[in-house]
């Protein structure tokens, strides 16, 4: 099969030769990060340059939505949509930690985002795409009314402008503070994607760590192409819930991307460094390469099966360290 | 966040909801093992029921059952969650919590109904989708998602009725119809009050407080415009099961007549109109603000 | 739920009170039959009257195609189609037992049938239906060119006349003497049933003992309603083949109708005595009750789940005694 | 039992089949582990291959693989059986014998191709569907049947090529296309010669005799009109793999061009024409007699 080609860009993955020893341990925490999988101490700026992928064990650290956008979109191509759509508090919800509306304001200040979903248009290797990205730092990327509304608008616009949709999905579950409004966003988003499909426009879903509850139980797992990042935890019910309900020990690797691949739920597990090229190749397959650009990836991609046989490092995920909420 | 234009007005239903029960009282009523369940509705309201079983790839899930039936002179596809009334039945039916096979069967029956232009009636009554290890292995999330994707585009009229506990994604999976009716003492929630209390109050004993705060009663959801009709229960359903069942049957029949009056499976424009209305119904649910205005 | 009603007819099942003791063992074999499941000695004519269902253990003996037709169709309603379509020997096939064309002639004489599939129209409780029935006594109901041709004609006629199709499927596998022509009948029959489906006419498939190979691997398992008789053995690969290849002991009840129901492959297991009413009820659901006939089964059918809980006798099939060929 | 009217005539292919090998010789060639297999064809003939995996309900079957690819400037859906060239690979790919998950994946990819109007290319190379216990549990027969039912109605052009061993139902499952091409030394049979000998001769050692009698070679099937084109192999494929692969590519391209020239996915009449021709192609296969005339 053909060579799997490397991307030139801000986040170009390090080659093995660039690895550093883990001996300098006296440096301040904000400069050094310990890899939760292999224990390696990594220099923050170098980790950033490597798209927050551990150069030693390939562990994929979580990215913020903005980091994800800058990783995937061509420079300065991202145009945000509907950033002024903000959450409301229709139930006047007050829980043990206080009122929901105060929680929103605090979270908005802390994160600098108005909500947990960012939508817009972008180009990937020159191809126009609607890009929808979850922000896990905003209340655990819980899906509430704003998520549904912004998603529906973005997908409707994709239909109007005949663009493909890329969703980057992380979620801790439903936004319980919005009660049944929150659950109904599963219906609202699936309706939007049904319409996208009727218009024969492709939806690419990228599942990243962690992705639980109503997001994978609605639009995020019925995309035309299902991709996951190595080691990402993905499922319906959260691991703590399952352990409590079943009183069974969870099998090793349970709910990892590798587990989902084995069980037939996703098409490929793709290293962060190869995502852009995979997406732009997919767009060309479904919509044709844009005039003048030609086929970007002239040398082709290797089959995922082949790839795994070579890149053995992602075949053996360590014990899952991330715990998440989820829907029961 | 407005009501469906076609919704039958409350006056037509005759009775006014009477109760002043707390949300948690209603949760208890909704979960009462003597409360009429899906098979009771099918048994009383339908004849010629032919159960259709199996997902055609792994198993048959008795927690979500369905089949062909004659309802008030019409052949329909009927399906719903079904728990048990004793321990043996509950184990067989997994306490009414569907596994992936259940959702895949539901999806199959929806496609089947579409092929033969049979209207679909669903009865919602589950604490939620099964949260077990093997359900995750066989793709619980994917199974629910595919069921939703099928349902939203199914080209026949669909009427859904919440008759007991409407629990989260497992309930939603068979709720994406053209009408969502709900019994007065049924509840419909994104998570159980117990789970919500444990997560947001860090104290499962605050379930009653959570139940109140979550706005899970039929009256709340009617006010929010999420359901299309609240069906009054002058006395709790398990105290007058036949009366309740026939009242529900009458309301379903009224909505079904209305939907079928304008529906012709061979008329593409009519089918598209049905799907467009269904789209709008869900498209507008939500509460958000934007540049000072409320959504 | 409602009462499950009894059919009045030639094959009315015996009530339990009619059972006889097994003590009279000295009578000639053609008058007495030993039940392979429970060992009971049964009086032949009584077994016939009970639709060849053992009154003691409910074991369903095999029926010939003509017996099946007389069980299911209203008296004298069956009109046979295409009975003159006969097998050819396109390969000039000669095996260890001699030439295929001689085998055909011998089998035709022995069975009185021209081939292993009988097609025609009939009425069931007054409802018109296209009826297609396999004859296991004719070379093990192997599927060859005649099967495909007669099936295609019958289904095309169902489309023209807008009639439902009931197939009664038994098969030992492909008619190997016809080489690839035989395999291609899977394609030919599936194409016919695809056309039936495009015309939104229902196909009811009844699987009876034994049903293996290309028949269940083509049209017989993708019917709109899948029904099996209790205890029938149904599968892709034959049991001997599986044992030889895997060198594993087959699990108890493997490939029985009950096994298929548990694994989600069929809608219902139905006792022979209830088949007519189930089929006529189904026809009414899909095509409406014929004018003037009204709904036949005013009292409705019980759900299969309910039924099984009552009729426990079919829940515990004994060890499978039938061996069959099959496709590997 | 006539040839498809559209079939390209033999002259156009240039070379004449040369060999005088026995049927069993060809069985051995067809099974040669060095013979080019599906991934070799994809690798040489396509670029931008993106493998799509999984059946979305139970697993991913590496014995039947597929995905998107660019073939001679066109995006297509490509799929085929894939065994291994060593023991480890053979175990991983179950010796190229698909389990139900493989057929369910193939069906999923066919639907996918239909949604996006991508032509389908299939490569047939399997000794048959897996005959294991767990495959039966998960409905091997049903999985094959559903794949066939999908394929016969798929609304895009489909070209199938038998490149090695075409074994029974497992081969047929991805062979219901608008064209069936076959390499000269490939075989296509309703059962393996060994199985046929064991059943009809009661003697597995009669496999060579059975192979001859069963008429399983490309030349036989070309004569019967079951295949649309025999692709000559001047030398056995494993001795000239690139030449063979590119010859196959040229023949596929010729047929694909022909099919696509008259195919417009948005033209219902054209799509129906495609499906009608596909129907007729299989409708007429068979050998029977009736009232003195041969069918």
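The chains carry the letters A, B, C and D, assigned in the order they are written, with residues numbered from 1 in each.
Quick note on the criterion: a residue touches a chain if its C-beta (ideal position, glycine included) is under 8 Å from a C-beta of that chain, and two chains touch if they have at least 3 such contacts.
As the structure is a prediction and not an experimental result, all values here were calculated from the model.
Counted as hops between touching chains, the shortest connection from chain B to chain C is 1. Contact with both chain A and chain D is made by B. Ranked by separation of Cα centres from chain B, the top chain is D. Averaged C-alpha coordinates give centres for chain A and chain C that are 52 Å from one another. Rounded to a whole number, the gap between the C-alpha centres of chain B and chain D is 45 angstrom. For the pair chain A and chain B, the distance between mean C-alpha positions equals 31 Å.
Looking at chain A, one finds that residues 197, 263-265 touch two or more other chains.
The residues of chain B that reach two or more other chains are 56-58, 138-139, 142, 146, listed in rising order.
The touch graph of the protein chains shown belongs to none of the named shapes.
Every pair of chains that touch is listed here: A-B, A-D, B-C, B-D, C-D. Taken in their complex, chain A has these residues touching chain B: 82, 84-91, 93-97, 145-146, 148-149, 152, 174, 176-188, 190-195, 197-198, 213-214, 216-222, 234-237, 241-242, 245-246, 248, 250-251, 254-255, 259-260, 263-265, 325, 327-328. Within the complex, the chain D residues that touch chain A are 39, 42-43, 46-60, 62, 65, 67-68, 70, 75, 101, 105, 112, 115-118. Residues 1-2, 197, 200, 202, 224-226, 261-268, 278, 281-282, 284-286, 288, 295, 297-306 of chain C touch chain B in their complex.
Interface of chain B with chain D (complex): residues 56-58, 100, 104, 138-139, 142-143, 146. Across the interface of their complex, chain C is touched by residues 128-129, 131-133, 135-142, 144-146, 148-149, 152-153, 168-169, 172, 175-176, 188-192, 195-196, 199-203, 206, 210, 213-216, 221, 224, 226, 278-279, 282-283, 285-291, 294-295 of chain D.
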